[in-house]
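What follows is subunit A paired twice: with subunit B in the first complex and subunit C in the second.
Take a look at the complex of A and B:
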């Protein structure tokens, strides 16, 4: 499965370009790939294993899928699927749809490569694959704001890249290899050595920059808010979670382990991100910027969970990565629906849109409630796990902070829902209609997932999340 | 002049040319200075007995990348005299902390070197590791191919004339 999920996107890119096919063909091919990616996790007999056997005869790749990687490839495929459909609703030209489909395939080759690798240098290469495709995706519309957002992401991300590359060279110097296992052994043997400490510090900082955690968040709001609508879904739902947060989980869990210093760094950056992200979200006037700052705050929860330094904390973080991918994608799809129907994202210019766009309004309310941690939605269970993980690890103060910050989340999302969808209808919006079927179908699908995962959470925890971190 | 002095000289030149490349407002000169930095890095890598890395640095960074930089710069309009003067003042302000950062980094590395009790892997072991690195990096190679593909799409998407967007609807 692993090898085929990396090679099939590359083969598809070649097939779509030689000879060059239409944007519509590329679009359906990529949608089919996303469906196949999900199926290959649950039903490996759908061709992925046979294909992997064929590719394995030519290439020797040291990759394998574990529980964590399966969770990520399912999340990525779901987000990619809705993101591409959202993009299609905004694509006026065939050439744009063609480029977007190809770039998403390249991103997926990167995402799948990243989640399956057990080597720190390969991880770095695939992080850069995803980043390179993301810069272009953000700038795809060639509008000033989008180009600026993409450029800012490129520059700040390059700083992280340099830090990570330098860190890898230090790891190689001490371990003589770049494999996770060898570096982990070197860290155990030379734990207090300044070279190792510098390497660990640089790599983790690099990943926190890529994840947009406070105080490394300056690129995130511009990139999310100015990117084309469908790309915002992709970025907010999965990209930063994979290149920053998932890679961080992998490194902490398989390479560095947790010591008191690392835990304190994670707890403090997590807490700062939750609080500052929430405060900044309250002050925003642009729908997508509210969601961008909310992402910083939600990523703060994930980092805070990791700060517990236990397998339970890692499980809670993984579950919140999945839930966040779903409810944040839903919110970005709904912001796209509002932008498509009204031509604006200024929250002060709306009001009463719920009368005209009932599906968008209803699904937004559910996503907001899930993000704020209200039962029985999926977000409630992952936040509960985070709080329990912190409490059981002895960080009661941070657990209380996580609860209090949830009220903040509730406050800014309720304000947003009220300003956009509730209240009296703005007369200028009299002619607005519900979003096209493609967007409402995506919203309903993600909304069903948010409710469904919330209702069957014991199954999700027992089958996917806990086994992925070795609890059970 | 023994090897230590040569290392010291090359590293000092590396720092000086890097700062000059960052501060130069004529982008073509900055690109050439960057090529000199790559050349010096290649020399240092040769002295450190890593010829493979040195050749890559020389051919890709000093050679290919400089050619790409200069080709792209040749397509842009140069600054006027007034713009250059204005830009120079801005650049100096922007990099006012640069010498301080360089000194802090140098001090940090000096302290790191003195405080570490770690013994680096011997040259022979590195040679074995290097062999392994080049023979077992097929996965990275695939990643690099994807980055090149993404770059090609980037050039097509971002630099292609807008009129091409009006093709098939």
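Take a look at the complex of A and C:
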């Protein structure tokens, strides 16, 4: 499964470009690829294993599929599917759809590689593949704001990359190899060595910059809010979560392990992100900017859960990554629907859109409730797990903070819902209609996932989340 | 002989952070967007030197060689994308000043 999921996107890109096919063909090919990706997790015999055997005769890569990577593969494919459909509603030209499909395939080669890899240098290469594709995706329309947001992202993310490379060199110096297992042994053997400490610190800081947690968040709002509508879904739903947070989980879990200092760093940055992200989200006037800051706040929860330092905390973090991917892409799809139908994203210019766009309004309300942690939606269970993990690890103060900060989440999302969808209908919006079927269908699909995962969460936990971290 | 190697090793270990800091300093202080990219390249060169030195002193230069070549390829791709950004920004504003890309707030 592993190698074929990395190579098929690359082969598809070559096939689509030589000879150059139409944008529509590329679009359907990529949608088919996403469906195949989900299928290949559940049914390994739908071609992925046979292909992997064929490719494995030519290439050898240090890759291996485990429970964690399966969760990421599924959520990445769902978010990619939805974001491509959303992008199509905004693509006036065939050539734009063609570039979008190709770039999305390339970033999927990166995502699949990143979640399977067991080598720190390979990890860096795949992170750069994803980053390169997303720099282009952000500024696809060459709008002023997008160029600015994308350029900031490029500069800050490149600095993070150099920090990670620096630490890779130091790891190589001490361990003599770049595999996870060898570095992990070296860390165990010479844990107190200042070179190793510097390497671990630089690598974790680089990943935190890429994940956009609070002291390093300045690029995130610009990149998310100025990107084209469909790309925002992709960026907010999966890119920063795989590049920053999933890679962090991998490194912490398989390479460095948890010690007191790392836990403190994670707890403090996580708590800061939750609180400051929520406070800044309240003050924003742009629909997508509110979502971007809420993303910072939710990433804070994930980092806080990692800070508990137990396998239970890692499970909670993974579950929240999945839930966040679903409800955040649902919210970005709805912001795209609002943008398409009204041509604006200024929160103050709306009001009463719920009468005109009932599906968008209803699904947003459910996503908000899930994000704020109201039962029985999926977000409630992952937040509950995070709080339980913190409490059982002995960080009661941080657990209380996580509960209180949920109220902040509630506050900014209720304000947003009220300003945009409830209240008096703004007379200027008299002629607005419900969004096209493709967008509402995506919203309903993601909404059904949020409710469904919330209702059958014991099954999800027992089959996917807990086995992935080796509990039970 | 051992002393010489150790001296060389320390030299590399000092050079790499210096290049790193020079790059960061360039990015922070400059007002020219091309100079920012040059700053990143300088940092990147520091890391390349460190990786090459790490391979040499570990006695595994053949392991490091492909890593460095891969790094250079990735670096060039990122460089091309930033060049694309710079071309588009200059087309829009007709200047290389950072002030043009400092409008987003919050």
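Points to keep in mind about this one:
By our rule, the second predicted complex is superposed on the first by the 472 of 472 C-alpha atoms of A that agree within 3 Å, B and C clash if a C-alpha of one lies under 4 Å from a C-alpha of the other, contacts with A are read in each partner's own complex, and residues count from 1 in each chain.
Going forward, a contact is a pair of C-beta atoms (placed from the backbone, for glycine too) under 8 Å apart; a residue touches a chain by one contact, two chains touch by 3 or more.
What you see is a predicted model, and the numbers here were worked out from it, not measured in a lab.
Touch criterion met: A:226 reaches subunit C, while subunit B stays clear of it. Contacts of A:396 after superposition on the shared chain: neither subunit B nor subunit C is touched.
Legend: residue contacts after superposition of the two complexes on their common chain; A:177 is shown touching both subunit B and subunit C.
Of the two partner chains placed by superposition, subunit B and subunit C are both touched by A:121. Partner contacting the larger number of subunit A residues, of subunit B and subunit C: B.
Within the superposed three-chain model, A:259 lies out of touch with both subunit B and subunit C [touch as defined at top].
Residue contacts after overlaying the shared chain place A:132 against subunit B and subunit C alike. When the two structures are aligned on the shared chain, A:289 is found in touch with subunit C, with no touch to subunit B. When the shared chain is aligned, subunit B comes close enough to touch A:140, but subunit C does not. When the shared chain is aligned, subunit B comes close enough to touch A:10, but subunit C does not.
Across the superposed pair, subunit B and subunit C both touch subunit A at residues 121, 125, 128, 132, 135-136, 139, 142, 172-173, 176-178. Across the complex, subunit C meets subunit A through its residues 16, 20, 23-24, 27, 33, 36, 40, 43-44, 46-47, 50-51, 54-55, 57-58, 60, 63-64, 67, 70-71, 74, 77-78, 81-82, 84-85, 88-89, 92, 100-104, 106. Subunit A contributes residues 6-7, 10, 13, 22-23, 59-63, 92-96, 99, 102-103, 106, 109-110, 113, 117, 119, 121-122, 125-126, 128-129, 132-133, 135-136, 139-140, 142, 172-174, 176-178, 190, 193-196, 198 to its touches with subunit B in the complex. Per the touch definition, subunit B reaches subunit A in the complex via residues 112, 115-118, 120-121, 125-126, 129, 132-133, 136-140, 142-147, 149-151, 153-154, 156-158, 162, 164-169.
Taken in their complex, subunit A has these residues touching subunit C: 121, 125, 128, 131-132, 135-136, 139, 142, 144-145, 147-152, 154-155, 158-159, 162, 165-166, 168-170, 172-173, 176-178, 221-222, 225-226, 280, 283-284, 289.
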